[in-house]
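Order of writing sets the chain letters: A, B and C. Residues in each chain are counted from 1.
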Amino acid sequence: MDDHLVGVLASIGIVSFVALSAYVLLLSGEVSFGQQAFFALGAYAAGIGTAVLRWPLASALLLGALVGALAAAAVARATLRLTGFAFAMATLAFAEMVRIAAELVVFRVEVDGRLVGPAGTDGFGDIRYLFENDITPGQYAAGVYVLLAAVLALFAAVERSRLGRALRQAGTDPTLAELQGISVVRVRLAAATAAGALAGLGGGLYAHLLTYVEPGNFNIMLGVHSLAYGLIGGLGTALGPVLGVLIDIGLLESSRLFAGYRMIVFGGLVAVLLIVRPRGLLDERAVHWIAARIRERLDALAARRADGPLRRP
Amino acid sequence: MTDVIQSTLDGLMFGSAYALLALGFTLIFGTMRRLNLAYGPTIMAGAYLGAYAFARTGMGALPVALLAVAGAALAGLYVERLCFRPFGEGAAIASMISSFAVWMQIEEAATLALPSHLNAFPRLAAAAPIEVGPFSFRAEHLLMLLVASLAAALVYWGLARTRFGLAVRTVIDHRRAAALVGVPVERTLMLAFVLASAIGGLAGFLIAASEAQITPMFGMWATTKGLIAMMLGGLGSVPGAILGGLALGVIEANAQWLFGPHVRDLVAWGLLFAVLALWPGGLLGGRDGPGAAGHGRV
Amino acid sequence: MLEVADVATAYGKIEALKGVSLTAEKGRITCLLGPNGAGKTTLMYTIAGILRPRRGSVRLAGEDITGLASSSIVARGLALVPENRLVFPHMSVEENLVAGAYQRRDAPAVAEDIERMYARFPRLQERRQQLAGTLSGGEQQMLAVARALMSRPRILLMDEPSLGLAPRIVEEVFAIVETLNRDGVTIFLVEQNAHMALRVAHHFYLMEQGRVSFSGEPGKLAQDEVIQRAYLGTRRPG
């Protein structure tokens, strides 16, 4: 498998993290334009972890997730009174503040005779953990997908649990949820923190894949894109945002046809798709339909197997 | 001290363009109850149309202005039909993402038409700066303030005194009640959207002409400035939009002079975050939340 | 004046109206009674053009208005005083009245009509510059009626005018209904308060679960049974 394709696959996996981050918040009823802030914080923190502190990758990624979670919790606390578009704007404001701060902050430490660390607009380079430890792109991509699979499994488990139901309920009808004893405030805080951790983890993975990140990577485009992935892929399941990322990156990368017109074509397709499916391809109805079909198949299989050895004479 | 006053005055003048941007954004939000993420790009479409014509024919500022306004209005019509009209209640996010998709479309189309980063734009005013005592005013900024004020006053008057303005105000205040008194709601929404885009187009022209150039970053820039100004003044409030725009201009001008361009932007966003966290309704909104003030009132 | 024939309206998969037929005669007060959820408001919104019916027809003075936009229906002389009043909360009483006359082009006559409304509803005149959202329930009801009258409608539809109002105010409202009718306005009235409605109605219908289940004139039938069904729906036998 050539390196470029592996890189694309790894990107799809990594961007899925920030798409899932926006998705969690959407489920809790809020639109966030700012998840890229925690993606950025995670990237820089994890980068400092391996490149400056010389920690192993796992610890650095954990640090990234932690930083993302803490920052997200703080922002959520500050914006508790906000809903709807005011909240969305506040998240955007925070994300832009982080991006601009990254342009201004220079923090370089001498490691092995070289200066390593974030250098403002010049970015943060030399995040060379993968090279230094002979991890191939293929191995890294595999690792990314193992992590993603674990996260998706976690999502599946949570969706079935009381927490998952509380989350969706708080998102669809907060007043009703409160009446049912669900503390919408606590749910939103929990969702925001989890989303921050997800984005932070993704950021750490991102930094190590690219070995160099700069503030411009974490702009409004990334933020609105993360939201768009869920809307395109579908809001009925955690697989939706991942599907959205696959469609966006995969299709765009592979369509050599529309060389200069990719965005015009793709943008038009998205706009039309949303008219037909305002909650994405894998929306709640589609997911129910698919689940019902699967159950039917399983039931038919079970029935056939039951009939087999005990067939009536 | 003189520096502060000079910056403040400069900020007020540039802020008048921000006020127009915010005014257009607010008209759309007030009627649609949705954010139009393609707002900046539609303005850029108009400005790019003007720049394209300028590059080909060297026409003067006034025809370019007309083209910019018309181009923005047409682009706005496209956005309204594709991204807003087809969506009913409860599909607000889909609508927004759709407008984002169109943002991408317009940006690409613009860079295809004019591929270079810097594109020439006719000068707003060729006169030398005017000196009044220790202060100096660029002619283009004075003209910008004049035109923007006239436009804002015209919109304000139109909303308060014309039949169409009444229709817009009823739709903003209570859409169903507006339908019941016989207001053609869909047509009003479309016209308000196009008008808002045209206002944005004028703001875009003024800004591009005062710098005598336009870049592909303009779409994103206009969207963010318009959003900040609108939120500062209180979401959905017409007087708030104007106030927010002027305030943003003044704060930015002073922050730039004190700390430089990076910190200037940091201050703008930081201010917005602080205002939202502390006063969810914006400067004019009070503690009741977005849109509580100026809603339907002119 | 108003003929509704086999109208069915649905919200997605839920059929709120399953084939409603009724008539409101010119110059009379016609009432539609029925319990909560019977579909009365859905019917009003369908007639007024806010909702589109899946099938059936609505005719106003012989003209088919089915599926027309609400603005066209107002233009043809129908005005609805909606459930919950729906005044323009951030506009003044006077601005609400002006809005009611939106489709009219005869400004001097509009101004005269406004004065006439103030004469008919003196409490509104006292509060002419006050924001409509700050009025009491009864005042908002009067404003909603006055606003609807500003378009000089041929027929006035009223959806639950007594909702949430104190009994004394309800009496006032129904007195206004009677006065308007005496002045020649055709009225089609939806109510849960069957008592008051039957006192003013010339003809009434009973609606249950999306269908008209009874049609008649007050005084001809056992009043109690009608009122019971209006409040509670048909009793199941046994």
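For the reader, a short list of remarks on this structure follows.
In the analysis below, contacts are C-beta pairs under 8 Å (C-beta built on N, C-alpha and C of every residue); 3 or more make two chains touch, one makes a residue touch a chain.
All figures in this text were calculated on a predicted structure; none of them were measured in a lab.
Look at the CA centroids: the one farthest from the centroid of chain A belongs to C.
Taking the mean of each chain's C-alpha atoms as its centre, the chain lying closest to the overall protein C-alpha centroid is B. A separation of 32 Å divides the Cα centre of chain A from that of chain B. Put simply, the C-alpha centre of chain A and that of chain C have 52 angstrom between them. One finds 42 Å separating the Cα centroids of chain B and chain C.
Contact with two or more other chains is made by no residue of chain B. On chain C, the positions that touch chain B within their shared complex are 48-50, 69-71, 74-75, 79-80, 82, 86-91, 98-100, 102-103, 147-148, 151.
Interface residues of chain A facing chain B in the complex, by the touch rule stated above, are 26, 31, 78-79, 81-86, 88-90, 92-94, 96-97, 100-101, 103-104, 220, 224, 227-228, 231-232, 260-264, 266-268, 270-271, 274-275, 278-279. Chain B makes touch with chain A in their complex at residues 29, 35, 37, 82-83, 86-87, 91, 93-98, 100-105, 107-109, 112, 220, 224, 227-228, 231, 235, 262-263, 265-266, 269-270, 272-273, 276-277, 280, 289-290. Remark: chain B residues 163, 166-167, 169-170, 173-174, 176-186, 295-297 touch chain C in the complex.
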